[in-house]
Amino acid sequence: MTTTNIKDLLREYKRGTLSEDQVIRSLSSSMVESLGHATLDHHREMRQGFPEVIFCDGKTEGEVAEIAGRIIRHGSILLATRATKKHYAAVRRVARKARYNEIARTITANEHLVTPRGHGTILVVTAGTSDRQVAEEALETARMMGNITETLIDVGVAGIHRLLGQSRKLRDASVIIVVAGMDGALPSVVGGIVDVPVIAVPTSVGYGANFGGLAPLLTMLNSCAAGVTVVNIDNGFGAGFAASTINRKR
Amino acid sequence: MTTTNIKDLLREYKRGTLSEDQVIRSLSSSMVESLGHATLDHHREMRQGFPEVIFCDGKTEGEVAEIAGRIIRHGSILLATRATKKHYAAVRRVARKARYNEIARTITANEHLVTPRGHGTILVVTAGTSDRQVAEEALETARMMGNITETLIDVGVAGIHRLLGQSRKLRDASVIIVVAGMDGALPSVVGGIVDVPVIAVPTSVGYGANFGGLAPLLTMLNSCAAGVTVVNIDNGFGAGFAASTINRKR
Amino acid sequence: MTTTNIKDLLREYKRGTLSEDQVIRSLSSSMVESLGHATLDHHREMRQGFPEVIFCDGKTEGEVAEIAGRIIRHGSILLATRATKKHYAAVRRVARKARYNEIARTITANEHLVTPRGHGTILVVTAGTSDRQVAEEALETARMMGNITETLIDVGVAGIHRLLGQSRKLRDASVIIVVAGMDGALPSVVGGIVDVPVIAVPTSVGYGANFGGLAPLLTMLNSCAAGVTVVNIDNGFGAGFAASTINRKR
Amino acid sequence: MTTTNIKDLLREYKRGTLSEDQVIRSLSSSMVESLGHATLDHHREMRQGFPEVIFCDGKTEGEVAEIAGRIIRHGSILLATRATKKHYAAVRRVARKARYNEIARTITANEHLVTPRGHGTILVVTAGTSDRQVAEEALETARMMGNITETLIDVGVAGIHRLLGQSRKLRDASVIIVVAGMDGALPSVVGGIVDVPVIAVPTSVGYGANFGGLAPLLTMLNSCAAGVTVVNIDNGFGAGFAASTINRKR
Amino acid sequence: MTTTNIKDLLREYKRGTLSEDQVIRSLSSSMVESLGHATLDHHREMRQGFPEVIFCDGKTEGEVAEIAGRIIRHGSILLATRATKKHYAAVRRVARKARYNEIARTITANEHLVTPRGHGTILVVTAGTSDRQVAEEALETARMMGNITETLIDVGVAGIHRLLGQSRKLRDASVIIVVAGMDGALPSVVGGIVDVPVIAVPTSVGYGANFGGLAPLLTMLNSCAAGVTVVNIDNGFGAGFAASTINRKR
Amino acid sequence: MTTTNIKDLLREYKRGTLSEDQVIRSLSSSMVESLGHATLDHHREMRQGFPEVIFCDGKTEGEVAEIAGRIIRHGSILLATRATKKHYAAVRRVARKARYNEIARTITANEHLVTPRGHGTILVVTAGTSDRQVAEEALETARMMGNITETLIDVGVAGIHRLLGQSRKLRDASVIIVVAGMDGALPSVVGGIVDVPVIAVPTSVGYGANFGGLAPLLTMLNSCAAGVTVVNIDNGFGAGFAASTINRKR
Amino acid sequence: MTTTNIKDLLREYKRGTLSEDQVIRSLSSSMVESLGHATLDHHREMRQGFPEVIFCDGKTEGEVAEIAGRIIRHGSILLATRATKKHYAAVRRVARKARYNEIARTITANEHLVTPRGHGTILVVTAGTSDRQVAEEALETARMMGNITETLIDVGVAGIHRLLGQSRKLRDASVIIVVAGMDGALPSVVGGIVDVPVIAVPTSVGYGANFGGLAPLLTMLNSCAAGVTVVNIDNGFGAGFAASTINRKR
Amino acid sequence: MTTTNIKDLLREYKRGTLSEDQVIRSLSSSMVESLGHATLDHHREMRQGFPEVIFCDGKTEGEVAEIAGRIIRHGSILLATRATKKHYAAVRRVARKARYNEIARTITANEHLVTPRGHGTILVVTAGTSDRQVAEEALETARMMGNITETLIDVGVAGIHRLLGQSRKLRDASVIIVVAGMDGALPSVVGGIVDVPVIAVPTSVGYGANFGGLAPLLTMLNSCAAGVTVVNIDNGFGAGFAASTINRKR
């Protein structure tokens, strides 16, 4: 029920064409539907300035291109994750300037619309070089949401000096995303050094009893460093999004 | 090697009692140990004002009392989690004014030392009444770390109106902790309504294929609401600590 | 043992050609076999009017075509699930008018034989667009079994307003099938709004700790909304069949 | 916003004390909260005549008694599940006539308010005598919701003749609940004989690789009989509730 | 140490060339090695007449052909399991008359050497047509080991009459192998009808919560029919071998 | 319909009191029920001489005593497994001479009725002394079913000589039951030495990653010795029963 | 066949009482049994000086006392693990001077017989104070096997400086046992600092998704520090034993 | 902070350009960074003579070639594991003499720089021929780290005589690596025969309930032979590295 509908209702009531009871019944019956739209508006407003995100996995190239086209025509920021090169080729047809990050597997466009929204730096730390796919997804997400980002690559706990030698970088960050596969031990060490929010991302990097990322996931959930929170295996996007939400609030 | 030791070293060097090489060798050899203390100091300073926390599970009553006594004698805030009544009785002997929260199973003391450190409100939301043990642990932790807290109890998704009727409270919070057992679906709904950081805590409440909290844990890790992060099953303390870290940074 | 056989037996007994014991032994020894056929008849009759279903997975193209040919020659409704395009090509050779639903991966024929058997509408609700393969299988199954169907697509809990804005559709259904991957939270919300039977179908859509659909499966089994029942992961056919059985009985 | 509030609003608007815009703003701002109550009312009405249910597990005796007292004072039907003898003793103090079913572990009261709502018979079948706790919970739930119930006990598949000898009972039912632990094979056999809805309930009865009911749960989810749906391990209440919802709709 | 060696030893001892202690030391040190050969001999004899088996999985075509060639040159029966068509092509080069069973994925040769060793019939029963790969492997194994075999295909529990209509065949067997995927319920029913040894083989046929055969495996281990034993998932060979061992002993 | 009933029917038919059609109708209508009893009789006859078995777990003392009393009054052999001392005390009241095996946790009576049915010896081998509870259950079962039994205790693979030193005993057995917890490696070694049927029983003996018997269960299912079959964790009864079935057939 | 038996044989052969063939047959027939004793002797000698160990779990007090008595009467070192106070009380009756380590839950005696066998120091490191039960078991085992031990307690990775401040101790060790629960991250850090063998012991310390030690077990198996090996959850004895074997060989 | 930096600092202090406090502050602030480098140096020295290892999995051919080039230019030993033929082709371009072991999937170069560092022989034992990929990786690793190696192939426990016939080889080794898939039982038998360190490597060889190596992993962790330690599934490199560390220390 739009504002115009309600106005019509009120006017008919004032004219006497509708009784008090009729107005109330009309309002009541439309309430749930109204809420739908109201929440929708609020929802959109609430997220204003944040990129709408397309999760490409399981979508055809045509579908991704169609949604991407709509977003760009509305003058919004484009972020598509888990995109293949074929997805990118399809998107390119509707958005010439779209950019593809092969490592992160993201498609982005309208970057000029990104406005700085983060109050500090989001630092993405990885245990190994093989974790950088997930790290790049987190970085692209954080950047498209208006954050300044930094990285600290290949500082796994088996050579703890590599991490300690960079402790200033760790302490200067506002939020830290720690990406690690294999034993997933890095977030515990980082979480014990700093006092900023630490988001841990387990990756499916490893073999044998890694069980597709289950090993580092359990490690991180059981982290002995208080205050570490965890997202799904390989979920760089989720980590980048959560970090943005935290960083934005300052 | 303390500051005083280094001062002595420098003075002897100035006096000529020690050669340049001797000073360097002394410094080098003590470096690792020094670091231990240096980091320790820094560590403590870094966390300054935050309560030291005793995890009572697996500790004898004597051990808990002894650590608690030391903390109180140093004039620090006391927070002990997973404490039994017996732990409390033992602590009472060394800290008369210690308080026991039977639901949260926490022992606290020196609450007057808590200074407001959070910039907004930490809201703890629970799906069912049975989740409140975990919720109380989160609340006590957040409060002892200087935060203002609010609660929204028993608003599980099976009666979605209960949650929606309280949407203002949800939007007014700075950080939201969502505690849920059984299907663990609540964080997804909350995360879709608000744009503040949401920390999900799975609980072991439920039966059958709940598998001791595994079901809600997996639900939360797979949340379709972007930006939800997760802590260990029943880990109210971890959620409260992470929320404090986020809230403090504003 | 047919009626004629028994008659023969009785007559021989009356004539004295067979002793009492011989008659009893003959009857006993044929009993189990008799049951086999009796049940078979009953079984066929019981299901009369319901399409026979071919599960194509693990069957060669030749095998599927051969069974399909037999069904069509007997003038029955054809429904084949988990069919590849190659299966379809093979079936086309024996059944020119057979139809292939690429999303549902079903082959159907003799649709004109379908008679309305459901007393109300079966509504299929999906959390995301990626769940529609499974949803389509459920829809084709329900339709071929004589039901009127409706759909509500992409109304996952992370944007709860999308669902609430359609609550009339939910309440007008006789049976609701809810298809969801990732966190699998949607059936709990739907089950809390309506008072009709809700069948939940977990899908393998998702990644990481989704573990091939295990996460939404556990969520649904632990649903805090009473009365939700669950079928196997990705089992759209099973959900459509169960819904038909429920709908048919009114 | 209650009906009275809206009436006041409309009258002030008619009198001219409030402008059109003021009325619309008042209505809009209260919408979300209103929905809460509206849905609540609808919710209650929707379920009218159905007993409110207390899940006693994890609630203190005082809590259960207090809720039970409130339900009875409102003149509603009482059903409490997973109740201990201590819960019962506490409830007895507020509801003298409350009845305790030791096998089902249910507390019930105001049974005279139960009105017949089911159109057919709900049949509860168990594989072994050890499954009857769960079966009794399903039976009490179905009965309190106004259904006629029947039982078929100890007809597990290892002695298939016991089941086949009762096939009439199976075919006369409107909905069948099959309760089985150990190998959980019974629902597949029952589902192959009848054409009415079959709800399978795995139980934690068994040992070794039963893994607390996981074995029969997986068996049932993979049932080769189409149309079988499954509820959580040991969830007699859920099965009874779902069966009632199905039975009521005819 | 061969008999000849020991003779030499004894003779040298008699001649006085070796002392008592020297003889004992020589005997002792060779004991473990001797056992090796002794057991080996016994082992070979023990299995005499039984085909040597090549497990092709993970072996190159060259390796399989080489071992097969050696077996045939020694005039033994050839049985190779899990063989691809490429393995077969390679074997054909060394054994012209080798036969390939495409369903069972077995290569066999020297069938004329098989001598009847089983005292009764080994019956292989399958729940569905998709289980026949595993069933064929069991059949080939049993046949090559000198047994008479029978089959009963596609008699799953969802149509129990199909099984009961064949109960004579079941009771006439000496050993029964039951192959089933999906819910794995068939061995429980068969085990309740007959009093001969039943070997259950779970297959990876199914989808979703079948988890690669875990579901039927657990079902079979928890079978409520006493006396059912189980082999590994898809292990037709193991079942055929065990059945042969049982059948041979009569 | 009992044999007597059928006789009456036939006689009335012969006398002319019943027409041919009436006899046929009476026989037909009672078929399913008759089958129940027929199969039951056949079932009993089929198993003749074998003890009926009470599984006490989850049964009250009264229930066990009642069933035991009935068995004894019918002059049958009594075997009850998983019996507590309390179960025994209750059984003693109805069966003075009942015997309790505290290690096996079995109650037995009417042992004088046991007739030798096994053609060879059933050998029960255990890896450790802690496995003997399960071994004793297997032994009691095998003995009550008329078999001669032997044991080989504490011959785990970590001291392989203990096993090899007893190889004659191994080779003299007709069927071997191997009971092992921890690594569950023993059946593989035994299965490689002998050519008789080997039934492996995993036990829940062990700790840590034994996971309640899961470790030895998986070991045994993956045994590299062909022909080993497996029963459920701690299922001594099942192993004893299966071994009897195998032994009896010679 | 003992050495004396063989001597008799040889002498009879020399005297001509036994023929060459008779000697050979006697030797052959006794080989397997002989091996048993031979290996046994060798086995014992091989392990000479190492304590025999009683695993008390699942043994009665009487059994433990009986074995302990036999060991002490033979003048050997006594080590019993997983011993309760009741086990100790029973052992005290046969061995007055036996010592009980309440934390390690070990019983020891004849410590004066322990001879130094290790060439360096075995260092036991623990992540938390709650891991010390397992650490103590490792220490007692290592000490009773003749090693010098050191400890480094409560140096978990969340406060990495505590570990680094003790790096000398780490580098001075010959073998390091690292005991850790919760996230199990410590062995990875230790393994990256030192170049001596590191044995990791996961403990069941933790809660929630620790799953009884599964989390640290997986972490350790996936350790990114090369050369870390792992023993079973809570298996302090195994770690101490393995460390002794390594240390002894230098 | 290098030695030169510290010297400058001391000289400025002596000259009076820097106060005592300024020197201390400079030293303190650089401490953590210093440690980084110090440890790094030590780290490198510690490992001196040991090959640096490239884990090729998840690295592009270009990346592997680039790192390999750098290692060779520095005159170090090259060892790359999990290398494909394509990786090798790329490495060949920068290192002509690089060698590829197709079974082990390793690339090696500068083998002439390997100096003997092991004091005894490392023996690699495999249960089956399919385990040799993992065995070869262990062998290459051990060899490149300066050890003498031996092998014992295809001596699985199902033919125990094959192992016993080689017991001398087992006893002559300094460290034994046992590689086994399927039931993983071999390390328990080996560990019971020898008194040298045994490292067990589970492999993913097998099918069905092997679950990608989980079965042998659990078997080995639960080994009843004391002193067996375990590495990750298929982790031949880790086993070879750990064995080298143990062997080097003598």
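First chain written, first letter: the chains are A, B, C, D, E, F, G and H, and each begins at residue 1.
By our rule, a contact is a pair of C-beta atoms (placed from the backbone, for glycine too) under 8 Å apart; a residue touches a chain by one contact, two chains touch by 3 or more.
No experiment lies behind these values; they were computed from the predicted model shown.
Enquirer: To the nearest 5 degrees, please report the angle of the rotation taking chain B's Cα atoms onto chain G.
Expert: Value: 90 degrees, nearest 5.
Enquirer: Contact counts by the stated rule: is the higher one at C-D or B-H?
Expert: Between the two chain pairs, C-D has more contacting C-beta pairs.
Enquirer: Name the pair in C-D, B-H or F-G that forms the same interface as D-F; by residue number, over half of the contact pairs must coincide.
Expert: Repeated interface of D-F: F-G.
Enquirer: Using mean CA coordinates as chain centres, what's the gap between chain D and chain G in Å?
Expert: Centres of chain D and chain G (C-alpha means) sit 55 Å apart.
Enquirer: Cα centroid separation between chain B and chain E, in whole Å?
Expert: Their C-alpha centroids are separated by 59 Å.
Enquirer: Centroid of chain C to centroid of chain E, CA atoms only: how many Å?
Expert: 38
Enquirer: Which residue numbers or ranges of chain H touch two or more of the other chains?
Expert: 32, 35, 38-39, 43, 159-160, 164, 208-211, 214, 217, 221-222, 226, 232-233, in rising order.
Enquirer: With touch defined as at the top, which chains are paired up in contact here?
Expert: Every touching chain pair, ordered by label, is A-B, A-C, A-D, A-G, A-H, B-C, B-D, B-G, B-H, C-D, C-E, C-F, D-E, D-F, E-F, E-G, E-H, F-G, F-H, G-H.
Enquirer: Using the touch definition up top, name the residues of chain H that touch chain A in the complex.
Expert: 32-33, 35-40, 43, 57-59, 63, 202, 204, 212-214, 217, 232-235
Enquirer: In the complex of these two chains, what residues of chain G are touching chain H?
Expert: 46-47, 53, 120, 164, 174, 192-197, 199, 217, 221-222, 226-233, 237-238, 241-242, 244-246, 249-250
Enquirer: Which residues of chain E touch chain D once you look at their complex with the stated criterion?
Expert: 127-128, 156-160, 164, 182-185, 188-189, 191-193, 206, 208-211, 214-216, 218-226
Enquirer: Which positions of chain C touch chain A when the two form their complex?
Expert: Residues of chain C touching chain A: 129-130, 159-162, 164-168, 205, 207-211.
Enquirer: Which stretch or stretches of chain G touch chain E in the complex?
Expert: 3, 6-7, 10-11, 13-14, 20, 23-24, 27-28, 31-32, 34-35, 38-39
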